[in-house]
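Both complexes below contain subunit A, partnered by subunit B and then by subunit C.
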Partner chain A sequence: MCDQPVRNTNEVRWQKVLYKRQPFPDNYVDQRFLEELRKNIYARKYQYWAVVFESSVVIQQLCSVCVFVVIWWYMDEGLLAPLWLFGTGLASSLIGYILFDFIDGGKGRKKSGRTRWADLKSALVFITFTYGFSPVLKTLTESVSTDTIYAMSVFMLLGHLIFFDYGANAAIVSSTLSLNMAIFASVCLASRLPRSLHAFIMVTFAIQIFALWPMLQKKLKACTPRSYVGVTLLFAFSALGGLLSISGVGAVLFALLLVSVSFLCPFYLIRLQLFKENIHGPWDEAEIKEDLSRFLS
Partner chain B sequence: MACRTEAEPSRRPLDALACTSTEECPTAPTGSHSVCMVSDFFYPNMGGVESHIYQLSQCLIERGHKVIIITHAYGNRKGVRYLTNGLKVYYLPLKVMYNQSTATTLFHSLPLLRYIFVRERISIIHAHSSFSAMAHDALFHGKTMGLQTVFTDHSLFGFADVSSVLTNKLLTVSLCDTNHIICVSYTSKENTVLRAALNPEIVSVIPNAVDPTDFTPDPRQRKKDMVTIVVISRLVYRKGTDLLCGIIPELCLKYPDLNFIIGGEGPKRIILEEVRERYQLHDRVRLLGALEHKDVRNVLVQGHIFLNTSLTEAFCMAIVEAASCGLQVVSTRVGGIPEVLPESLIILCEPSVKSLCQGLEKAIAQLKSGELPTPEKIHGVVKTFYTWRNVAERTEKVYDRVIGEAVLSIDQRLDRLMSHCGSVTGCIFALLAVFNILFLIFLRWITPDSLIDVAVDASGPLSSWPLPQCSPRDKMNPHSNEDSET
Partner chain C sequence: MVLKVFFPTCCTSAESGLLVGRWVPEQSSAVVLAVVHFPFIPIQVKELLARVQQAGRVGLAVLGTWCHCRLQEPEEGLGRFLEGLGAIFTHEPWLQLCRERGGSVWSCKALGWPMSPGAPSPAPVMLIFYDQRHVLLSQLHTPATLPDPQAGDAPPSVGGLAAVFDTVARSELLFRSDRFHEGPVQLSHWQSEGIEASILVELAKQASGPTCLMLSFLLSLLSAVGACRLFRLWPLPFICSKLSTCEQARHRLGHLTFLFSPRKAESPVQLMRKVNVFFSLLLDVALGLALLAWLRAENCIGQLADALVPVADCVAEELQHLLQWLMGAPAGLKMNRALDQVLGRFFLYHIHLWISYIHLMSPFVEGILWHVGLSACLGLTVALSLLSDIIALLTFHIYCFYVYGARLYCLKIHGLSSLWRLFRGKKWNVLRQRVDSCSYDLDQLFIGTLLFTILVFLLPTIALYYLVFTLLRLLVVAVQGSLHLLIDLINSLPLYSVGLRLCRPYRLAAGVKFRVLDHEAGKPLRLLMQINPLSYSRVVCTYRLPSCGCRPRLSWSALCRKLFFGELIYPWRQKAGKQD
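Entry: the complex of A and B
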């Protein structure tokens, strides 16, 4: 301890070992203290435009929710014929289906080993069942107040946005939960539409925009980034246009949201990186880098 | 409250110590301290912290200090118990929340702890383990009551994830006005200084110890024509059980005369069993399950090589125990492990299957060529490294230093909290500290210190216990010495 006279400090060099009795007090602080400290070794350098490009995933999802709500509003007001929506949806689904295989030259299909017949079967099963159950969907929430339905839909759509898989590796991400919340919201909203045909078409549309569209987007983004940017812009503007036809204020606010997500947030992220102080040292838990599953499978 | 109902004086002969107020009591001679060890982790729980507290207390009693231990009730074990040499243990009736740690509200334990601190005339509070809520509570109350505080940190923590950010903040608050901190290795000191933003001058490094007489070599237990690798650890991710699953098949295929003995229990046991099943190694890999502390030595002496695959470790007693039994140690180079044994006794590897296999192969080659020193020789070297008496001696110096320091006054303490722990957290905890002081004043008004009975000392200079037979080497076997329960 410090009350002991410190001897031989000049001749004996302090060693970072515990098994030797060293002529230093126990609270001695050597020059080598914290010499193995490393800062920010895993910190990533971000490029502004690369982050802006990545933020388009969020933009797409925000626009999907916006388009969905706008379409529902038009249906609810009776301004949009359900069969027209069904026809357009079916046509764009077909185009998307062809594009999906066309973009990567059928590589993804070969990898998954899924046949077209299987795709057709699941599509038919889904459409038949939704059509069959649409009268039930229609009357499912009759006893629930409309305000409750709206509130629930808002929470579910927010949840969908929060848990959606934007490509981040975080515990909160759950694409299943996200999709389920979106479908739940669509069922809630569909039950407020005038007829069961409306409800059926609304749920089908929800599947198309929340389940199928993100899959196509992912592939577009990976294979043809340029066209992906174009599609995102087009989608964003059409969503804005749709919103503008309902509410001007809403459209302005939504446009501000999109601009801040895609341009301000990346800027802020890069600025905040300057304040990053991630500490690493010998006390960190070691990571097992090898793949150990080969010993077990 | 357990301590109020205690009928201690009727069981133990009373003499001059039966005084009713602190003023009338004979004061302890200078140089001897009244220490109160506080931790959630104590016997009947078993582990590094538990045996550290027990052994350190025994050696401090041997050196003439008064030591009591406070922990929470374990099942039926509550009230006051006496262990070897009059080591008094208070098992307080506090609710256990998670992993044997008590819940904390920061206030509810004050009445009980204050009562004990007063009746035992405690001058130093020594809290153990940053996982123990009770230890932090005791530090908080101790500072409120103007007592000296010491804290021993037994574990390493990262900085990256949310949970460690939060716990590190709490540690900063808890340690910012603690007098002295003890860490078990230099790596642990660096870690604690960074986590709690401390001045490194008030952090001492005092390693853990191993009782060398418990861990003696016995080469006759080894199989002559076989090479045996021993692993003793809990089978959990942090101890690197996944690495072990890669090492076993790799080496067993290569060396037909190789055996593994694995002691310990845990959630990862299942994958070891899968590996054993898949490679048909039932006769060569023995899984012993959970071991009692007294059986560890008998397992260790059956092996030639000890393997430690931990991914993080502040000190690692296991490798010292193994080396003391004369085994060649192969270990991962993580945490404080490189500081523990000299290079001649340990082969350090990176935490990967490949590197550990290379290390083990090197050890096997040395063993077969007879290059390794004999177990007795290794034991002779290791037994001088770490002893509990040395630990106690160094801890005593910390106490000597701390007792001479001034305890922060209320305004200084609030100042320190607000300037040291960030504006938001600092202010919140300063407010809580004020509440704690008011609560203490209220308690003092309800039962003044002078009305609290002074306990009969069972250890220390005024002990009424039969003189200790100076055997800190007694096994941690408190059953044999329990004589009172309330």
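Entry: the complex of A and C
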């Protein structure tokens, strides 16, 4: 109503520019304003099974933590001989090491330029330091109460799960911090074991399952997705079986967690996509599309 | 501009005559120094003025005439004669100061003022009386900040005041002649009350030259011995720099050299400093002798020696108890048992060593103490420094514990801080002085986290040991620090200046204040200038002697920071550390 006389008296069309003097108030917009409104231009359409496949990374990590805790419990109870665990771990590490190079035919190794001598050196450093420090680790937390240690380990393992690099591009992700927290938790737990050999083997096992196993997983997932699904299923069932041998309730809860993470959460994600309403229009902040990095260097 | 005439109070009752003084054109003020009585021969007055001018390098002149009429009626003839004198002694402006009718009425005329010829009326004249003796003897301390404008009626600028003080001080030769002096020219000015002790003063002055020469020769001999090559060999300078006795002795030697140097003191400040040093030395030695006499009279040294070894034993025993308490579970703290045992046994062994050392020393303690007591005749400060050194030597085990604890703790804190950065995947960028993110290798991460875990769980044990030994150390440092404070007080207190301020407040002037004596219309304003004495805090600030420089110069926050990070603290300043 208000802009009717304005249009009649002088046939000036409003223009969306600030550098011209126009006979309109500053906050004036005309009726074409909402014509440029668009919705959900960046929304992605998800495929259910693809999301389930991607969620297997989370499953793997949950299972790693579960397997680690189960193994620690067995060691603590004395049901598992440390040397047997050491032998199995060593054998599986060797198999994993060969697989690691075999899957992509040595391309990754050539790309990173890492020699086998460096791998051997790292392995030696792990073994030597852990073995050297294991007596210290054994007496480290003698005077600290067990509950404190458990609480600390739980927090550290939770932190490990939170900060782990699942492939999302977020600020919270820090694979260094996640790995460090896992090692801290493993050292804490290992210090409660009865002998220093136990502690040594526990920490070695922690390195294998928290540092080396995710590297192999990543490669498997990239190169042979089918076998990766198989490995994940196998791993999940073995973790469940291990947990079942300790406590039935825990196993049921863990199975529910796994099912909800891998099947319910993707389903829910896709359902929620229907309610997505992202609006875009001329009020958006300016976005620089051009790549400016060539000017910066 | 108001013409200011500074007139000495002692000349108010002088006979009529000529006003002798100095004209300060910048301040438009005339400083009258003396009155020349009738009769005089003009050429002799001029000669006298020239003589004083040469001696004091100050421009003196006849400023005008002074007329003191004791009778009720002013004498006509005298007035005309005085006017005529202006033709003999030419001066611009020519003052005519008159005191009439028994001193109640003052008048002052300035011929040829103001300088500009077109001025309609004679400019007002202000008559300011000053005490010549006080102004002559006092030393003006110009304030660092400008004086408060409300303080006085019309305070002249500091420069003008300084000029007045300077003029009076420089024409000291004028005041030499006394009342009974039969010279060609009769002067009226301030005269010293008596010169009975002057013979003694003269004798002392005559004797001081050779004495100073001899003493300075002896002192230079002493310092030459001290500077010889034998004392430059490696451990000696290091030990000397750590012993406060050596520092104090060196400081005192410097004082003596300064005191007996044959050169004359150039400025009044330097003279004051010399006297201050002398009195400080005197007080020091007197106190030391008193201490020595007391020690001898009461046979304190023997008692002290008998008590010393049991006390040291007792301290060691208490330390042992403390360590045993620490080796248990002190206050329910979660200590690492293995590390606790290791540290406790290490320190216990140290105490065992210490006790055997003390027992080895015990036969000689009395002799040592006796000689230490003798050193009190060199001054109380030397004895106190020795005492401080003895305390330092007797608590050497505490110092050792502290150093071990602090080093361990420092290592631990630094390791923890850098490993905590590694734990978060960061590192300290030295070039940019900030924390950057960094990608570590797997083995670096593993070893770093392993060490981090170990350090975290061992931290309470080390921190407790560090805390306990730091508290002990701080106790010793506090005792030593209070001793050093006392020494510094004796060393740096300007005793003579403070005494001067107490007994002769006018000698140290901070400024002046004016009191209105008489203000009538048509008559000159009469003011009395009084000297504001310097405040005690400024006296101490201005004249305090440089101290030995062996005090900690740490602020409290810096001290706490150092304590937290486990850096070593010392009661003395680290000179070597500064050079690094």
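Operating definition for what follows: the second predicted complex is superposed on the first by the 253 of 297 C-alpha atoms of A that agree within 3 Å, B and C clash if a C-alpha of one lies under 4 Å from a C-alpha of the other, contacts with A are read in each partner's own complex, and residues count from 1 in each chain.
Convention: contacts are C-beta pairs under 8 Å (C-beta built on N, C-alpha and C of every residue); 3 or more make two chains touch, one makes a residue touch a chain.
Everything numeric in this text was worked out from a predicted model, so none of it was measured.
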Under the stated touch criterion, which partner chain does A:Leu18 make contact with: subunit B (first), subunit C (second), both, or neither? first
Name the contact category of A:Glu77: first (subunit B only), second (subunit C only), both, or neither. neither
Go through the superposed model and pick first if A:Ser174 touches only subunit B, second if only subunit C, both, or neither. second
Touching A:Ala211, do we find subunit B (first), subunit C (second), both, or neither? second
Does subunit B (first) or subunit C (second) touch A:Ile183, or do both, or does neither? second
When the two structures are overlaid on chain A, which partner does A:Asp147 contact: first (subunit B), second (subunit C), both, or neither? neither
Touching both subunit C and subunit B, counted on subunit A across the two superposed complexes: none
Mind listing the subunit A positions that touch subunit B in their complex? 1-4, 16-19, 25-27, 29, 33-34, 36-37, 278-290, 292, 295-296
Touching subunit A in the complex, subunit C uses residues 329, 334-338, 422-425, 439-443, 445-450, 452-454, 457-458
Complex contact set, residues of subunit B against subunit A: 156-160, 185-188, 190-191, 193-194, 200-207, 238, 240, 242-243, 245-246, 249, 271, 274-275, 278, 311-312, 315, 332, 334-336, 338-342, 351-354, 385-386, 394, 397-398, 400-401
Subunit A to subunit C touching residues, read off their complex: 121-122, 125-126, 129-130, 133, 136-137, 139-145, 174-177, 179-180, 183-184, 187-188, 203, 207, 211
